[in-house]
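Please go over the structures that come below.
Next come two complexes, and both contain chain A; in the first it sits with chain B, in the second with chain C.
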Partner chain A sequence: MNLKLKIWRQDTSDGSGQFKHYEINNVSPDSSFLEMLDMLNEQLVESGDQSVAFDSDCREGVCGMCSLTINGIPHGGHQGTTTCQLHMRSFSDGQTITIEPFRAKSFPVLRDLVVDRGGFDEIIQAGGFITCRTGSAQDANEIPIPKPLADDAFDFAACIGCGACVAACKNASAMLFTGAKIAHLNSLPQGKAEKDRRTLSMVSKMDEAGFGNCRNYGECSAVCPKEIPLDVIAKMNRDFAVASVKGFISK
Partner chain B sequence: MALSGLILAGFVFVHMLGNLQLFLGQEALNSYAYKLQSIPAVLWGFRAFLLLATVTHVLTAISLVRENRAARPKPNAEEKFIQATFASRGMGLTGALLFAFIVFHVLHYTVRITHPEYQDMHYILEKNGKEVQVHDVFTMMVSGFTEKWISGTYIVCMAMLCLHLTHGVSSLFQTIGIRNTAWKSRLDGLAIAYGWTVFIGFVSVPMAVLMGVINLPG
Partner chain C sequence: MIIDAKIPAGPIAEKWSRHKFSNKLVNPANRRKYHVIIVGTGLAGGSAAATLAEQGYNVTSFCYQDSPRRAHSIAAQGGINAAKNYQNDGDSIHRLFYDTVKGGDFRSREANVHRLAEVSANIIDQCAAQGVPFAREYGGLLANRSFGGAQVSRTFYARGATGQQLLLGAYSALSRQIGLGTVKMYNRHEMLDLVLVDGHAKGIVTRNLVTGEIKSWAADAVVLATGGYSNAFYLSTNAVGCNSIATMRAYKKGAGFANPCYTQIHPTCIPQSGDHQSKLTLMSESLRNDGRVWVPKDAADCEKPPEQIPEEARDYFLERKYPSFGNLAPRDIASRAAKEACDEGRGVGSGKRGVYLDFADAIQRLGESAIQERYGNLFDIYERITGDSAYRKPMRIYPAPHYTMGGLWVDYNLQSTIPGLFVIGEANFSDHGANRLGASALMQGLADGYFVLPNTLPNYLAGEKPGIINTGLDAFQEVEADVNAFTEKLLSINGTRTPRSLHLDLGRIMWEKCGMARNKAGLEEALRKIPEIRQEFWANLKVTGEGKQLNQELERAGRLAEFLDLAELMCHDALDRDESCGGHFREEHQTEDGEAVRLDDDFAHAAIWEYRGAGEKPTRHVEELDFKDVPLAVRSYK
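After this line comes the complex of A and B, so read on.
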């Protein structure tokens, strides 16, 4: 396959960037999108140019490191997959592919296609701890958890924190991410003790980090590689309302 | 946003039911209108409540949009929507048009500044054996909608209201936290039915006037 690439290049985090055009030939349709970028980088380095910086780690869709908005859609538009799971057979020969970093004020570009998703770490940190006994291992079935609840919590916990939800949202809202983390821990008995405090502090950190507000477009869930449902946002809103009212009454 | 929206969405439905009394005839409509307006404390209390809801809705919308623009200063070179509905994307536009419409609508039929002749329309109602002179809302509505540009603008604005409600009514359940995957499709259906009911209810009045089903008395 021969392809034309339109890639965002930016040298420093405070500088401004621009699109640059590249051509790449003889790409195997069976190679992954990131392997195609590796090929491009080898080509650039051989010709003495600066390689394109992009994030990747496990390359099997579980680590949440790869990003990229491809032709306007984070992770390239295949349902339930990350960029590293995208293959070149999804594109046609001679096609122009636009590759951009995840765009949001809270995700500043560090270089080219690499953005700083540290805002997510701050939200996680604001969530704090859950109460559980450490030391001697407790009996596996000591806390009964209904199967449907365990399944839901597991589905919410599947969030890999890649940030595609923020990038897909026209308002750069992090509510799907924060909702997934809140819904995961608030659903389980182990996380119940800190439920209100966790919800209030994660939501306030999310606002503080400069993420936008939900307008119920549903784009976040549509691009989510782990298919986190919009339910988590409703649950977060509900838990937030309950925690706020409780906080108000107990003052 | 959601709570003020809930109040306003509820109001438009009741307003629509009120308008539909036009089909019951001049006396029924005028007597209903008189009932609504006969206790000044209730009337002005309700007006203040609605004004508060409207102002809250507009101000929260403005602050929401400002925060959202700040959160995403640079758009993608290619902006794509995957599943966002037409109605959800047009909330700002339909909302702004509706606000302009509401201002005109109040000046037109409530303050009656655009058509001062409406002030002189009176009707005699029988109340407990006494005759009371009330405002002739029936004649005012019919003569208002006889003007084609007013009817036309009204119908277009009601279509905007329909769109606005089809997103808003389902969305407010999400915001107050009582929606999940199973209920999303049902609530989306409810919102669409609600929007269309309100649209058909409101639009039936100018349509009836334009088609000559309802005529000026006498």
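After this line comes the complex of A and C, so read on.
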């Protein structure tokens, strides 16, 4: 396959960037999207240019490190697929492909296509855990968890923290990400003790980190490579309302 | 180099509890005076950082990724073993211990393996309490499945993403400590060297991967949890960033490197499709619970579509050769059997380097929805990469480098030959011998981090005066200067070869000569060729950009520099270990039907390599291994 690429290049986080045009030939349709970029980078380095910086690690769709907005859609718009699992057979010969970083105020560009998603870590640090000191746990079978509940918890916990939800949202809202973790932990019996505290704390950190509010566009769930359902936002809003009211009454 | 494993006295089942009691402790009020550096945030590093911080120590953690949640433990699919005996099928601590020693082909340290089996049950309890969504039965209790090398069901799992869920559990515990300020976390930082003060590990030097800043960090002890080195093969199931800089720098500073030739080639990976490929993707071993492995009996049938090959023309070679374990034969054995079938010309798919993993029988027996429930996400991954649906036609699989049993040598306390340098998880060598059983890597990583290191590190710290080390010491300035000079050198060669192209050359040699099967001539050839690539690297490398910026080519070059040295060490070890055992198969040592032949009289030991300087052959030391509780026997899965 021969392709034309339009790629965002930016040297530093405080500098400005611009699109640059590249051509790449003889791409195997069996190669992944990132392998196509690897091939481009080999050409760039051989000709003395700097390679295009982009994040990736596991390259099997689970670490959440890869990003990229491809032709305007985070992860390229194939259902349930991260950029690293996108294969060139999904594109056509001669096509022009536009590649940008994930765009959001809370995800500043560090270089080219690499962004800083540290805000996500801060949200988890605020309450995305169940407090249980190592060694203090009871036998695992002492808390029976009905299978449907365990299955739901898994679905919520499947989030890989890639940030596509934020990049797809007009408001750069992190509510799908935050809601998924809250739904996972709040739904389990182990997570009940800290439910209110967790919800209030994570939501407040989310706002503080500069993520916007949800307007129910649903773009986040549509681009989510793990297909986290939009319901988690409703669940989070409900838990938030309950926790806020409880806090108000007890004052 | 003094090799003292410090195995506690007493019966095997009492060693760990006696040892914990005899260890020195640090008073809770004094713990905050001690500072521990932990490199890596996978299952081992993440759980160790969280636990030590909970105990009251000051922890500084580093990872090269943009978040600790991305460490490659996250990609483990199938499950985690634990001797819970929830299935009432005869499991016990002793059986898990026995299976692991046998599975490791009698090349691991009994005392460590027994401890691993002992703490395995605590891991499941800890993770369930953290909210890890393990698979459940309808009654609400935990579900299990079987894995290779065991005849009991002791594997706990969370669909096909067990590693992800366990890692996110450890990450949540770590995040809680970061939020509390007891762990300082530095993302996008790569350790580039180790700093010794008076022979003890007291700090590291890192490169900030965003700004390029080289910086020193001081502590009272250093813990490496930096994973394995399968990327020496270029193509492996590891993440593209996985590297051996930390362990190799420690080796060059005096830490013994044990059994570097013990590499695990995983039998069920998606076959390579071309030279463009940057990694290989694993298909979980759990698939062998329901999938049947076969190739055509007749090489002439290989080009036919699988559905046109009738039952009687298929060779279910694992079931034929190993009737009692069948498709669940251990990984080394299953991998070699697949290679053998392909070497006979009976492989399928592109280049005829593949075998079928067929679910038709299971789908007929259990229904498609049951199979989807068990393996749905794995089938999805397969379809995304190959474009084929495994519900309709058999998967094609082939072995690929996956896990490295070798690593830095550690004693029973997980301390390397450098005092104050502790090594945990895949980065050490201790528990898996010459072959790791499936679902045991997650177990070992979490055992080391949650339960072992937090009980052994204090014994070292208790003998050290806290807080006297600072980065103003000459030792730090010297190492920092070395690191800067090294980086400058990589940038100044300005030749014509990219780091990736040189890594590809190295990988080809390693896969062909030091891969699934090895022989003397091949290893000697590799030992001639690797120095040639290294020479080419230092004479003709091309890295564009500068040091003080985000520069991924520079990162790749630095990682490759260490892989080149490690690859050579792997070949030395493979050559000198003149026997077959587990994942190390020397063609000179096999039975008539191709089974590995161990030479216990000469090689029932761990080989520990001591660095002697660039270009010098390292010195081989040994730790004799005693098998008292699992008597040495020929490993048979027939």
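We adopt the following convention: the second predicted complex is superposed on the first by the 242 of 251 C-alpha atoms of A that agree within 3 Å, B and C clash if a C-alpha of one lies under 4 Å from a C-alpha of the other, contacts with A are read in each partner's own complex, and residues count from 1 in each chain.
Quick note on the criterion: a residue touches a chain if its C-beta (ideal position, glycine included) is under 8 Å from a C-beta of that chain, and two chains touch if they have at least 3 such contacts.
Being a predicted model, the structure only gives us computed values, none of them experimental.
Undergrad: Which partner, chain B or chain C, touches the larger number of chain A residues?
TA: More residues of chain A are touched by C.
Undergrad: Determine, under the contact definition given at the top, whether A:14 touches first (chain B), second (chain C), both, or neither.
TA: Once the two structures are laid over each other on A, A:14 reaches no partner at all.
Undergrad: Provide the residue numbers of chain A that touch chain B in the complex, in ascending order.
TA: Residues of chain A touching chain B: 6, 19, 69, 71-73, 77, 98, 100, 103-106, 168-173, 210-219, 222-223, 229-231, 233-241.
Undergrad: Could you pull out which chain B residues touch chain A in their complex?
TA: Listed in rising order, the residues are 64, 67-68, 70-84, 88-89, 91, 167, 170-171, 173-181, 184.
Undergrad: Can you tell me which positions in chain C touch chain A when the two form their complex?
TA: 47, 50-51, 54, 65-72, 74-75, 84, 86, 122, 124-131, 133-142, 158-159, 161, 164-165, 168, 171-173, 175-176, 178-179, 185, 187, 210, 239-241, 273-274, 276-279, 281-282, 380-381, 384-385, 387, 450-451, 454, 496, 498, 500-501, 542-545, 549-553
Undergrad: Would you tell me which residues of chain A are touching chain C in their complex?
TA: Residues in contact with chain C: 11-12, 27-28, 30-32, 34-36, 38-39, 41-42, 44-46, 48-51, 53, 55-65, 80-81, 85, 87, 89, 110-111, 114, 116-118, 120-121, 124-126, 128-141, 143-147, 150-151, 153-154, 157-158, 160-161, 184-185, 188, 190-191.
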